[in-house]
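Below are structures written as structure tokens.
Shared between the two complexes below is chain A, which pairs with chain B and chain C, respectively.
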Partner chain A sequence: MDDSINAANEAITELMSSGQPVLVDVVRARDVIDVLAGDSKVLLHAGPPITFDEMTPPMQGSCIGAVLFEGWAQNEQEARQLLAHDVTFTPCHHHGAVGPMGGITSPNMAVIVVENRLRGNRAYCTMNEGIGKVLRFGAYDASVIARLEWMRDILGPSLAQAVRLTPDGYALTPLIARAITMGDEFHQRNIAASALFAKDMGPLLARTDIDRSVVADVLQFLADTDQFFLNLAMAACKSIMDAARTIEEGSIVTAMTRNGKDFAIRVSGLGDEWFTAPVNTPKGLYFTGYSQDEACPDMGDSSITETFGLGGMSMIAAPGVTRFVGAGGFSDALATSDEMDEIVVGHNANLSIPTWDFQGAPLGIDIRKVVATSITPIINTGIASLEPGVGQIGAGTVRAPLACFVKALEALAVKYGVTSTDD
Partner chain B sequence: MLTTAIKPNTYQDSVSLMLLSQQLSALPGVNKVSVMMGTPANKDILRATGFDSPELASAQPGDLVLGVDVEDGTDVAYVVTQAEEALKNQASRSASSGLRTARSLARALKIAPSANLALVSIPGQYVADEVAGLLDRDLNVMIFSDNVSIEDELQLKRTAHERGLLLMGPDCGTASIHGVPLAFANAVSGGNIGIVGASGTGVQEVMAQIDQLGGGVSNAIGLGGRDLGADIGGIMCLQALATLENDPTTSTIVIISKPPAPAVRKRVESYAQRLTKPVVAVFLGEKPDVATNGNLVYAYTLADAAARAVELAGRGRPAFGPTQRWIKALYTGGTLANEAAMLIRDQLGVIDSDPAHAQGYVLRSGGHEIIDLGDDAYTQGRPHPMIDPTARAERLPAVFDDEGTAVVLLDIVIGFGAADDPAGALVPAIEEGLERAAQAGRQVVVVASVCGTSRDFQGYADQVAKLRDAHVTVLPNNAAAVRHALALLATSSRPSTAGETEPTPPRIAQLLEDGPTVLNIGLRSFAETLATAGVATVQYDWAPVAGGDSRLAGLLRALDNA
Partner chain C sequence: MDDSINAANEAITELMSSGQPVLVDVVRARDVIDVLAGDSKVLLHAGPPITFDEMTPPMQGSCIGAVLFEGWAQNEQEARQLLAHDVTFTPCHHHGAVGPMGGITSPNMAVIVVENRLRGNRAYCTMNEGIGKVLRFGAYDASVIARLEWMRDILGPSLAQAVRLTPDGYALTPLIARAITMGDEFHQRNIAASALFAKDMGPLLARTDIDRSVVADVLQFLADTDQFFLNLAMAACKSIMDAARTIEEGSIVTAMTRNGKDFAIRVSGLGDEWFTAPVNTPKGLYFTGYSQDEACPDMGDSSITETFGLGGMSMIAAPGVTRFVGAGGFSDALATSDEMDEIVVGHNANLSIPTWDFQGAPLGIDIRKVVATSITPIINTGIASLEPGVGQIGAGTVRAPLACFVKALEALAVKYGVTSTDD
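And then the complex of A and B:
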């Protein structure tokens, strides 16, 4: 194999497995994301670039919620008018951030700040709102806005104070390594990591001078929110992948994301360019009363977890949720991770999976292997209703479309100046 | 009708409950069922999907909530019972066959690093590239696929030969290695007959016939239909012959093929002449001019070939001493004795030195002796030996003690009128005789056939078993027993050429000695059959590179090799 591609891939996976994401702060998005700091109306969204009218109804609903939250409009109608003409949209990924589902992030939303100590770069993500009516699934009623305000005013500052009591930030890698042995894959299932996080936050919060009843509310929220850690995992993965992206050679996927219209990937040797193909619609299990027909096409930056080798890639780590991929249970989970093993260049020795004979999580998706085998990454995901405000109607898996990997391979061939002998 | 049932303090994870909801909703008489834990968020979902009720409001997060909407006349309790049953029986539906599956060669070999044989059944156009990669990794290969060009076959076989590997095929439908049937094959007894075959069903028929005749197969090595043609020149046929010559479990070899190209035929036959093990050749489509030619025995049909092979296959090469040169036959059936005499005369070209046939001798030539104990000379004042086996038992010790005896040839006639247990009556004398001969440093071989059927009251199988327990080699009929006796003498008298054949290359020797660990590439059913039979197998779900897009495949190669 080409030494320069393989050598680059090795260097990239080394950066991936040795990443040191640390939670250092919780702030308002505008404090850390430059594009949100000015006076103009800007919203971040999941996936590659997209216009408001191209967005899925839930993502549009999220935008409406964000506009109401920011006070840019007083009602839905005004908000839609504003969004169609006066709001600038830009992908989270272009600003060191990631966002779940719609990924809509506005200037005053609370975001966690994760620093990758390996390179000193930072990544940002909003916090998990829990389940039911939530902004990321397109809900925007008063309860949604009120929760966002509480997260901005209470939850964010409280966690920030707690984190500041740690000598050097709150290290996420050890927690991820522990929770993967407890049945989390960090996309569909985060309950172990969320519990470990809440366990560590408890004493820290108790040591702050925050009012007892506020501490109780914060801890109650952490206790109730099984997926709280998902957003931390996303920011951690983003900070790791952005560090890995500094090596601008090779064929490793450095980001995978979806905006409800397109699935997009970035590849190490191809810089910031997005390679896109139409998204697939997730398949899975639905709450009674809902069906596949009502499922929103795939969206969200959360597939950054799969990019790093978690989520669907590490399905075998989370037997508890494997039945989302089929009724076969454990053997299907094993088959899924075994299949993902075909398209990666190695294993993450720091994320050993007991149910996989302590093999490390899959590490470094190589687009050459994807195109050669036609195996595309599998992504664990929540399923949103197409109708905004309904929220989550199920959960399941979705495949990355092959076409974006093929496009990237063509571009990689141009970069390395090779042509096909079978032209 | 809408009902809410609550099961307090019953936790189930949401995946189980979503599956359960689907299952219950499909029950007859049920409109829809939604089962969830009673958390606030779930209660919102239940309300939004039409399951609101006063009971729902009181449900706690630790309670299991069943929202049940049934048609009139359906008992809600029935649905609840079904739910309880389903939760009790959540084990995965299918037990895994344990067959590990890979989607790339690299991963397949990671799963099964000890694989020593690849079984390839993929579209012919991709075979050459794929098999070249397998040979590079020192794997023996059986190619089931057809539509491989003759040029590719030649190239692959040359490579395999240089690397000391077996390459069976292309278009090789049948093989059996170390008792493991590969692709299309029958379950046959193990044994000492090795097969080299350029034909799938030809190999199957010979293997099946050998089994039916009471023989067994050591290894069957397939060649593919073109190996003995002029282009390939028998590369793998010669390798297979050398392999079986060196294989300690094989004592007789069968070659099955269409008539080879003349030059190839010459090469293969002259090679077969040099082997220490007898070779039966069936070149289907031509009638053999001669029955034997030195070490080669020719057969006209597949069944003939199987029969000849069973006759020839002894328990390895007999270690007869210098004085042991003769067949001593004690018959109870006159016609059987005469048939034996006929075959021996024909085969050895000997002249009967006692045409008068006094004292029941139907043949006496050199030291060869065939005596019919049913002759008048032996039945005066005594019952016929078919009725009273003691007459023959009494004569056996002298035969074993004779220094000239190599083979003792016997007939066992059962059926109405015959003794209750003719085989059992001979066993003590045979065992004692063999023991005494052994003590005197002579290995004597006893060969017999049983004339009778499974319907006979003595029981055909029972009589055969008694003889085999006494180390008697039992052949399916009298002629076969005689030919087997002759083959033992011929094999023994052939000068040993051991050490003259090239040693078997280590990867092939290891395959035959340890048995196959199979990397199955293509048809999954082959792998499932092997795995079910307990053979270490990994399945490689092969697909063409880049889904068969040759331009992309070219780009990938270029990126890999730039």
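And then the complex of A and C:
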């Protein structure tokens, strides 16, 4: 059994390291995600399936914002009623998409379209709104809605025009390979990748026929939004992992995600099934005036970056982030990646990390190794306030719960016709 | 004696770490450098004083290019004659300027203007031409001259307009502090700083009334020129060191520079005097088709970055550069900065290096420590071909020769009225 699993895992990690995610367009979600195309009221959310009642307050806040943005309701009270009775919820992951934090994605939000040229599959993600009061952290006041409208009407179409000037789309792997040498881990730190992306968009936008005051506004937003690349990284990782999981064998984690209630993983040999366990609450550093007591439990599809070996898995690539997420100094960053190294099957030769003595990023989380060592993946994450409307209050790290890996390994043992290790 | 030297050194390093270099303008050299303003034919060059005959072939090549660019001669032969008889040469450093490699600066070249707000003094440097055939490495064909003309007529005035839109100029210290956490050491690696600069110029240029095809060309050049920030870093370091050396006491190195023949240093307690020794030839990695035999001896004012504690001194900040300059892996980068740490008097609290466990960049090279340990500063440098017209053939590291530090220490002993250590 181990031989055939190992062979499958090798094929999967080969697909992972040779992924070719390319930014090809920015469109409205309804144009590319079937379930959002009709007249019924549907919202995508982060994590495995969940009902509105079960959602954390900030995730509910995001839903309210989305309903107001779509014009389905005129105020918060109307929105809450609608959400309780008339809105259908479905995970981003079930529709080729990923969403940060609440992950709430509604039909008319702008989404980036990333194509993995290796297999031709596509992945979608909303764009990063910047910091402060933002929908993904549960804020939904007028400024939040106005920004979403600007992103739908101005930012999205402008970037789409710019990207279409690149004959084959805008390749993301070369940029990720550069930025991982520049202190980014692509989850809580994307400053290098965002700067590289912004400077490449400059001449493209200047060559469009978009009004130059709009060009200035778009370039200013990109220049100011250090985490802009996070959502591109998420879509890139989703497109890579979806191609990799076409091999329906082996023990590699193909998705990790959280909805504020459950942490869930998918495993290559176990198809679309989610294996869940209650989420942990992130520990970290808080913005002035906030504390751990106010921290919302872990949520978001952004841990698709860790699934691909970035984020907390590649902590050593980004020693600058360790102080932001309260994870110590350089030696702590090194210890973290060295620990993560124990639960993966290899290294990504295309993502060499200078601070890891040029070793490639950790590649391919193997649930057998997770269970054998009890070492669970570490995730770098933003921390939302439990109170809806407040938004982000800090950043930190959180561990995936061991229980979902144990459940998955038991299912894998059944699939391969061997008795559980407990027997 | 040691107490008064130590006190002076402390005051000097305080001026160094609190420097506030700000990009305020881009103009023609003749507009800001008096010696270039008149009708006589004057060229600035890198390093301490040197005659045309003594220059390395690539430095002579740069001179030919400058003469053709200025229209002082119509062809190479005429240019050589003019250079041998009718051109006056003077070091950049004597005129508030610094120049990369050959450092050849002629009256109508565009120069950036950096003001150190701490003291109000200004420093000048030409702009980075990109890679391949470029004047600074001794190339002078029609493409080189055409690029210099474009930089004079388009790039310079465009950036000047953009920078003037920032009310107080474009502050360089915050950018350097960010980019040192992103793998730059600001001599052979400026990719992060150049990207941050380019993305900030985008919205500014879009807000000018410059023709948008020109805006596109300028942003494309900035996006493509990973070393663009080197020259900004050089001018910033020059402005900082010139402010620091207003304290005319102590044993801190205030300039290190090379003209292809001599390596020269200035020391805080010894004013404008240059202490020289024959230069070494860099060792490193060569572009395909070239080898160490063809390497030109060390030249350029760019070692002003090491004088301030960047470049090779901060090797650990840029493990990504070690493979480019042939300086080994991560542990070698660490060993290099740890070694450099032995010859400085402190650390720059404003330039924290995550990969050095957040220690500040090395600050203040003390000639007493250099002589006592025989550890000389290491410099990350480009390598020019000995043959003029070829340009850059590699990149590597080179050591400052010990002899110039010994000479300076002897002079310092005389100044402070103590006998030489040899007596």
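The criterion applied here is as follows: the second predicted complex is superposed on the first by the 414 of 423 C-alpha atoms of A that agree within 3 Å, B and C clash if a C-alpha of one lies under 4 Å from a C-alpha of the other, contacts with A are read in each partner's own complex, and residues count from 1 in each chain.
Assume a contact is a pair of C-beta atoms (placed from the backbone, for glycine too) under 8 Å apart; a residue touches a chain by one contact, two chains touch by 3 or more.
As the structure is a computational prediction, the values presented were derived from the model and not from experiment.
Peer 1: Touch test for A:324: chain B only (first), chain C only (second), both, or neither?
Peer 2: After superposition on chain A, A:324 lies in contact with chain B alone.
Peer 1: Looking at the overlay, does A:410 come into contact with chain B only (first), chain C only (second), both, or neither?
Peer 2: In the superposition, A:410 contacts chain B only.
Peer 1: Once the shared chain is lined up, is A:356 touching chain B (first), chain C (second), both, or neither of them?
Peer 2: After superposition on chain A, A:356 lies in contact with chain C alone.
Peer 1: Just chain B (first), just chain C (second), both, or neither: which does A:202 touch?
Peer 2: After superposition on chain A, A:202 lies in contact with chain C alone.
Peer 1: Between chain B and chain C, which one contacts more residues of chain A in the superposed model?
Peer 2: When the residues of chain A touched by each partner are counted, B comes out ahead.
Peer 1: Using the touch definition from the top, say if A:212 reaches chain B (first), chain C (second), both or neither.
Peer 2: After superposition on chain A, A:212 lies in contact with chain C alone.
Peer 1: Mind sorting out which residues of chain A both chain B and chain C touch, each in its own complex?
Peer 2: 320, 323, 329-331
Peer 1: Sort out for me which residues of chain A touch chain B in the complex.
Peer 2: Contacts found on chain A: 1-2, 5, 130-133, 251, 285-290, 320-321, 323-324, 327-331, 335, 338-339, 341-342, 368-369, 371-375, 390, 394, 402, 406, 409-410, 412-413, 416-423.
Peer 1: Would you tell me which residues of chain C are touching chain A in their complex?
Peer 2: 178, 181-183, 191-192, 195-196, 198-203, 205-207, 212-213, 215-217, 219-220, 222-223, 319-320, 322-323, 329-331, 354-358
Peer 1: Spell out the residues on chain B that touch chain A in their complex, using ranges where they run on.
Peer 2: So the residues of chain B touching chain A come out as 13, 15-16, 18-19, 21-22, 25, 32-36, 40-41, 44-45, 48-51, 67, 92-94, 96, 100-104, 107, 543, 545-547, 550-562.
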